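In what follows, structures are represented as structure tokens.
In the two complexes that follow, chain A is the common piece, with chain B as its partner first and chain C second.
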Partner chain A sequence: MSEGNAEPKLARINIDGKDYQVPDGMNLVDACESVGVEIPHYCYHSHLSVAGNCRMCLVEMGMPMRDRATGEPVLDDDGVQKIGWMPKPAIACASNAKDGTYIKTQSPLVKSCREGVMEFLLVNHPLDCPICDQAGECRLQEFSTDYGRGFSRYVEEKNVKPKRTELGPRVTLDDERCILCSRCVRFCEEIDENPVLGFIERGSHSTLTCFPGKKLDSNYSLNTVDICPVGALTSTDFRFKMRVWFLKPTKSICTESSAGVNTEVWSREGKIYRITPRRNDEVNDSWMADSGRALYHTVEAEDRMKRFRIDGQVCTLGEATLRARELIQVGTVAYVASGKLSVEEQYSLRKLVEKEPGRVTFVAHTQDGDGRLISNDATPNVRGGLVTGLIKQLPVTELEALRDKLAAGEVKTVVSLGEDLIAAGIPPEMLKKANLVYLGTHRNATSDIAKVVIPTLTVFEKSGTFINQQFRLQKFAQAVPGPAGLLPDVWILDMILAECEGAKCARPSTPQVWARMAEEVPAFAGLSYAKIPDTGVLLDGSAYAELPFPETKGWHYEPAAEPATASSKF
Partner chain B sequence: MAKVVERKPLSFLEKTYIPQIVGGLTITLKNVFRPKVTLQYPEERPPIPQGYRGIPALVKDPHGREKCVSCQLCEFVCPPKAIRITPGEIAEGSENEHVEKAPEDFEINMLRCIYCGLCQEVCPEEAIFLQGDFNSLVGTTREEFVNHKDKLYELGGTRPDEHYKWDKKKEAAEQAAAGGHH
Partner chain C sequence: MAVEQRRVIYKHVDEEGYTPDIDCYMKHGGYEVLKKAIGAKPEDLCKEVLDSGVTGRGGAGFPTGMKWRFLDRKSGKPIYLICNADESEPGTFKDRQIIYQDPHQLIEGMMISAFAIQAKQAWIYIRGEFINGARILENAIEEARAKNFLGDNVLGSGFSCDIVVHRGAGAYICGEETGLIESLEGKRGYPRIKPPYFPAALGAYMCPTIVNNVETMAQVKHVIGMGGSEFAKFGVKGDPGTHIFGVSGHVQKPGYYEFEAGKITVGEMLYDVCGGPLPGRTFKALIPGGSSTKILRFGERFTGKHPNTGEDFDWGVEDIPLDAVSLKCCGTFLGTGGLIVMDDSTDMMEAIANLMAFYGHESCGQCTPCREGSLWLNKMTLRMTGGAARNQDVDLMKNIADQIEGRTICAHGEAVAWPVQSHYNKFKDEWLDKIAHQGNGNGRYNPKGYPLI
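Then we have the complex of A and B:
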């Protein structure tokens, strides 16, 4: 894991005759990768301990020679210091970059080592590539094009092992494909801290299996599928669904909790097939919870709303926004939103609130986090509401204040941005009497009785930014187009605002919204959408340090204030 | 720059059109006495040369197993994107469960197909072949030109197999289950 050295000491290493500067003590495989030299490897993973069992990363290693007695450099005939090469190759993954390390990654010896390792690994490997889900992102496939023979000298029968073992509810094992790198075993032990996997039998009969009576059923089990360098561990959800070379990865952010896990959304022709974690050493390393990977199913859910409606009748977008404006201007208005909105949407809502003032309430969605990558806050962007100035206080679980106002007739219109008000404690009869404008993606009890329903887009269908629990501003890109006719929430809010002002809606793109936000929101000064790196920007959250956020300690997160218990009301 | 092509005016003789008419009729008369080359298609069929690339179709092995495992390489390589495969899983307990994967649907859009034969060349399972036969395509809707899985197997029929790769695999698994040397 990352070590917070203020000034990393640099080491000068020589790779294939060229000098490079890398952080001192960095693993040699990582060090070579950081300067663009690939050392093929299977068992090594930057976030796991070193096992050194695949032997694929063998390189020649040496140090400048010094005389044992005097310590004087030993020079060759040209007066250059001699390099003392070790007589046999060494594995790069078990070596660290130290000043003066010399390695050869392309010498004939290294190449023959790799060819030898590849041949042994392929001895019992089945000819499964046409049916294997890993094909296209398989390290074994990649390196066999580089170092494989192209044919097999092995004439004996290959080993037979179980082909579809269910290790857990989400992971299926094809044991014949396993190359025994033990990455999954180490993940369960070191990262998940739930050791359930191990090898049984000996030699080429070695088999990956769960311990007796145990199952690979942790909420982090699918990470073993990601780190499996071959197609042995497969995701039951994604199994045989689509070949990976058709899938387009889009950088996104998981909305499961305020941890803000970096993800990649893999889609083809507007359909999402899977979600995998994206490496960000400051947030989620290389990991992600299984529950977050299933969120893409909501895109094609049965209860997805696709039509604009007024009083239950289908209407056009123009009619819906016009009616929304009429209802908002009837009398006192109240807005209900939450941290599910992106920063841009919260900013656009603030603009609308400035024009048509009304009380803004955020609904809290708390959950029992796991102290890792699922925090206690089930929304990704409560801090965005604070930073954009939309809210001053933390979200509430019960909308008591709004209910009292509705009962007293002080509030005539409620605008809900994806919030189920009935679930938040407002009786349906009361809502039916008020003018309810609902913007959201999926049907619920509240949207069913709303006077105006404007369907919006899910996180996969729009671009924007979230601010996670560390106050890290992270952006997500649009992976797939939304249902026909639906527009980004920012545009909808802008259209209603334009209706109120009698102006024309400009339909701003995300970078255009950012250009405006950078001027108006102090925390975003000097930022632009393009300037936010893929790993995010850490904002200064010290102004909000006193607020009792519900999050407790998690991976890469230390709460600043005393955490409030999940059940308390703020 | 637009280029102006000069057009020569017709000569007097050309203006009468007589030389052209005579020339044309000469060709007609010559052909009247030549042997016939027209084929009365579809009653008569032309000889098909070796390596002719006809309609692409899926084949089964001599044991009746569908050879396609829906690896989607043909879909990937197809230059006009005529192929579309919906991959599927072979249910456990079925006769071919050891193959694990088979297409749920396989579509070839014959309006798009350019008969290049890349699908046949790329197929690792030798499951798709361009038929060495002449098939005329007739239809009145676009949908009729999309060949689905059933139609493709009907067209392709059975081909001899050189490898029996999957049968060997099943055999090895059965031996192992029976306590063989594995």
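Then we have the complex of A and C:
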């Protein structure tokens, strides 16, 4: 057994008279939460250092009493060991679960502490809730409901502070709403390692600001907005766009890179308004890059394709798949895809390739990663291609082999799944001569000259799975419907396959595809779509350990082999 | 005069012809104790300090020897010593005289302490307003270094420790030991949370650190000089040695006076030593140990059993002996020994507003109850003295103070809450009376008092 699998040591703690087992040394706030006891807090965050400044998590704490001299337990009249309660309430966030810890979270003193802190937090807090973006997901609102007075005893004038400071290109600060919890300050210092935020002034006049000459312009700046427990730090992109209680969160995976950051896509009436990170301590903790949050803008981009076309003319879906089948069966066919496809799409493509054999090439999309949550591979699912057996080799940056075959006339038809072949090194005039079938979401130089164009769906409009750089299988759900008339890529591939086989397309759901994959793909044996937890399943990637993947070290990722240089060719 | 001053720390303060240079200090027997101490074992020196029972003179009165015993010596990290010269508690002006008039006494005390705890480095954190004090200390350090009383290989003992003077930037909270350490490290003077950041384990630069007040350091010199058990003999049990009392406010002769602890009563101090009230006035209130300690009202009686003598006592304010133990029996603290005296001309609502203006201004803003509560009380008392007080404000003030006390990161919370709570308990009637008069449309009502804010 490896160390990671060893049973964690447990500590027995007593909360409000009930005994619980929690991991030894766990922060008390987290420990209580893990057994379903909420300790309200603002400044504490599991992934940041402890500041202890909000004082909301005050609880009564004690340890069983022992005689100082003899070490014998001190018993009360009933023979039960007495608890030595601390004279003053203590903050839970500054303590770790230790065997024998006793805490009271519901005593009159604790209640009075919480009510006191709530009142203090609100005295200088503006009544902005009706126009505040945080309303609906605001800790201040939530705990006011629990511990608020319902009326204000404060008749003095409230402090006035700047209402719209641009801290950086993506973050706007409303300083009056700030409760000075310092989460953002600690994030910049500890996680982003780019300390740019700090407080100026003193006491209740303290004001959050950037250091002179600095800006909050890191690619991780929007995480400060996520961790802000109130509406002080707001996303400039999302600010005043939509009330959050109208938004529906959908669990998704960021396609920005092979890191596979867990996300939540927030939408209303078929429109996406924002993307936020979803906690996964094995992948991205609570963080994600700003660039990944902007990806939803591609859904409504100008160059989004929404019509089926044959030779540039609009046609029906049936005509397009029929024509695609005809072209595939003209002669030798070649398939070009990439790690942008989901596992299900890669599997469906494999089924098509098995029926209509042809060389499958993945195009590499590399980028300069940041050593954190953006890896060097700009696609989310290269490893899916390997695991589903669609490819044996890593993607290539230039399609030299295909170009040579096209030049020699050995390949008659090319099926591109969202790949811009011209950008990958195939001259347009050569492509124009070949039979090009293009499945993809957005227009590009290749789709413009394709004989058949079948528009497909973005990651937000379909469900499926990706396998990230750690070989972690993670699923994403459909957040919004796609443009009218468009179908999931899996169905399109299945329809073309059905055309080729002369059969009827079954239009399988993602769980149905998984039922088939679990039987045919050894790595997926025993799995089903429903069984994949939200935090993913780590697959055994040891079979591919020798492959020179482009990823280098990042948060929660250690490369197995020496990373390949970006310019490597096959 | 009933009781004579016993000047130990202030032996040469205001002495004709006494200068703060090293020659004058050595002429008066200076650095002899250090020479003696450096030949002793550090553990023995710590033991002497523990046996003496000398308590910290910064206000909290914690036994110094005990504080030193808490040092984490197992960590293997260097040990640091910091002298807290950020004397900022209103009503307190005792350390200033040591720094300005007898700086070598402090340096000698510090070097003895540094040797006793085996400190690698020592700092004097001095309040920014003591500009000349910092210069005097720096000059004195140079003189002492030239004579090898500090620096490398002190007096050939092999022990090395240097003292660096660090000036604060004018924040009351940097007198709180962990806030001081943060400030010393170059950060915002935010006090640290305890646990886990007890200075004796995780102090300056996360190393074991002892922070002692200026007067405490000077006391250590005399503890070692006369021996711990000898030192313990004077003063009272639980509060040995002398105290420097800084009397300010409505007395004829305000000033600083050094007395053996418990040997003089409040009455003797105010009437005999300080010459009594100003002409035609009578005493009304006394804040005994710096502005954050709880106020006493002349005319109230204190009864109980004294822990030291075991005898029942029945005291008026004038009868209370000035030592930490007795004042604690009366529900307040000796604190820094800064006695603030108020006579019958004082408007008690103005008085609390004045205190709140200070504490509201000085709250560092780190933790919620103190940050918001202190400013609330400040704004509120300002409104109340300005003529717009309501009857319910009186109870509200007390309630706000109760919501602060014991729930903050550092003791500033208590420093805000205690005055409000004690003034409420003792002068609520005066507040309500003032409010009643203001209610008749009289606006700001202050018949005999002088505006304090």
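By definition in this document, the second predicted complex is superposed on the first by the 564 of 570 C-alpha atoms of A that agree within 3 Å, B and C clash if a C-alpha of one lies under 4 Å from a C-alpha of the other, contacts with A are read in each partner's own complex, and residues count from 1 in each chain.
Everything that follows uses one rule, which is that a contact is a pair of C-beta atoms (placed from the backbone, for glycine too) under 8 Å apart; a residue touches a chain by one contact, two chains touch by 3 or more.
Just so you know, these numbers come straight off a predicted model, no measurement behind them.
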item	value
Contacts of A:K392 with chain B and chain C, given as first, second, both or neither	neither
Which of chain B and chain C A:R239 touches, first, second, both or neither	first
In the superposition, chain B vs chain C on chain A residues touched	C
First, second, both or neither for A:E157, with chain B first and chain C second	both
Partner chain in contact with A:C54 - chain B first, chain C second, else both or neither	second
Partner chain in contact with A:K531 - chain B first, chain C second, else both or neither	neither
Touching partner for A:V123 - first (chain B), second (chain C), both, neither	second
Partner chain(s) touched by A:R202 [first = chain B, second = chain C, both, neither]	second
Partner chain(s) touched by A:A135 [first = chain B, second = chain C, both, neither]	first
Contact residues of chain A, present in both the chain B and the chain C interface	157, 159
Interfacial residue positions of chain A with respect to chain C in the complex	50-56, 58, 88-89, 91, 94-95, 112-113, 116-117, 119-121, 123-124, 153-157, 159, 179-180, 198-199, 201-206
Sites on chain B touched by chain A in the complex	69-73, 75-76, 87-89, 92, 98-101, 124-125, 165, 169, 172-173, 175-176, 182
Interface residues, chain C side, partner chain A - complex	171, 188, 193, 195-196, 360-369, 371-376, 379-380, 383, 396, 403-404, 406-409
Residues of chain A that touch chain B when the two form their complex	126-127, 129-131, 135, 157-160, 163-164, 239-243, 245-246
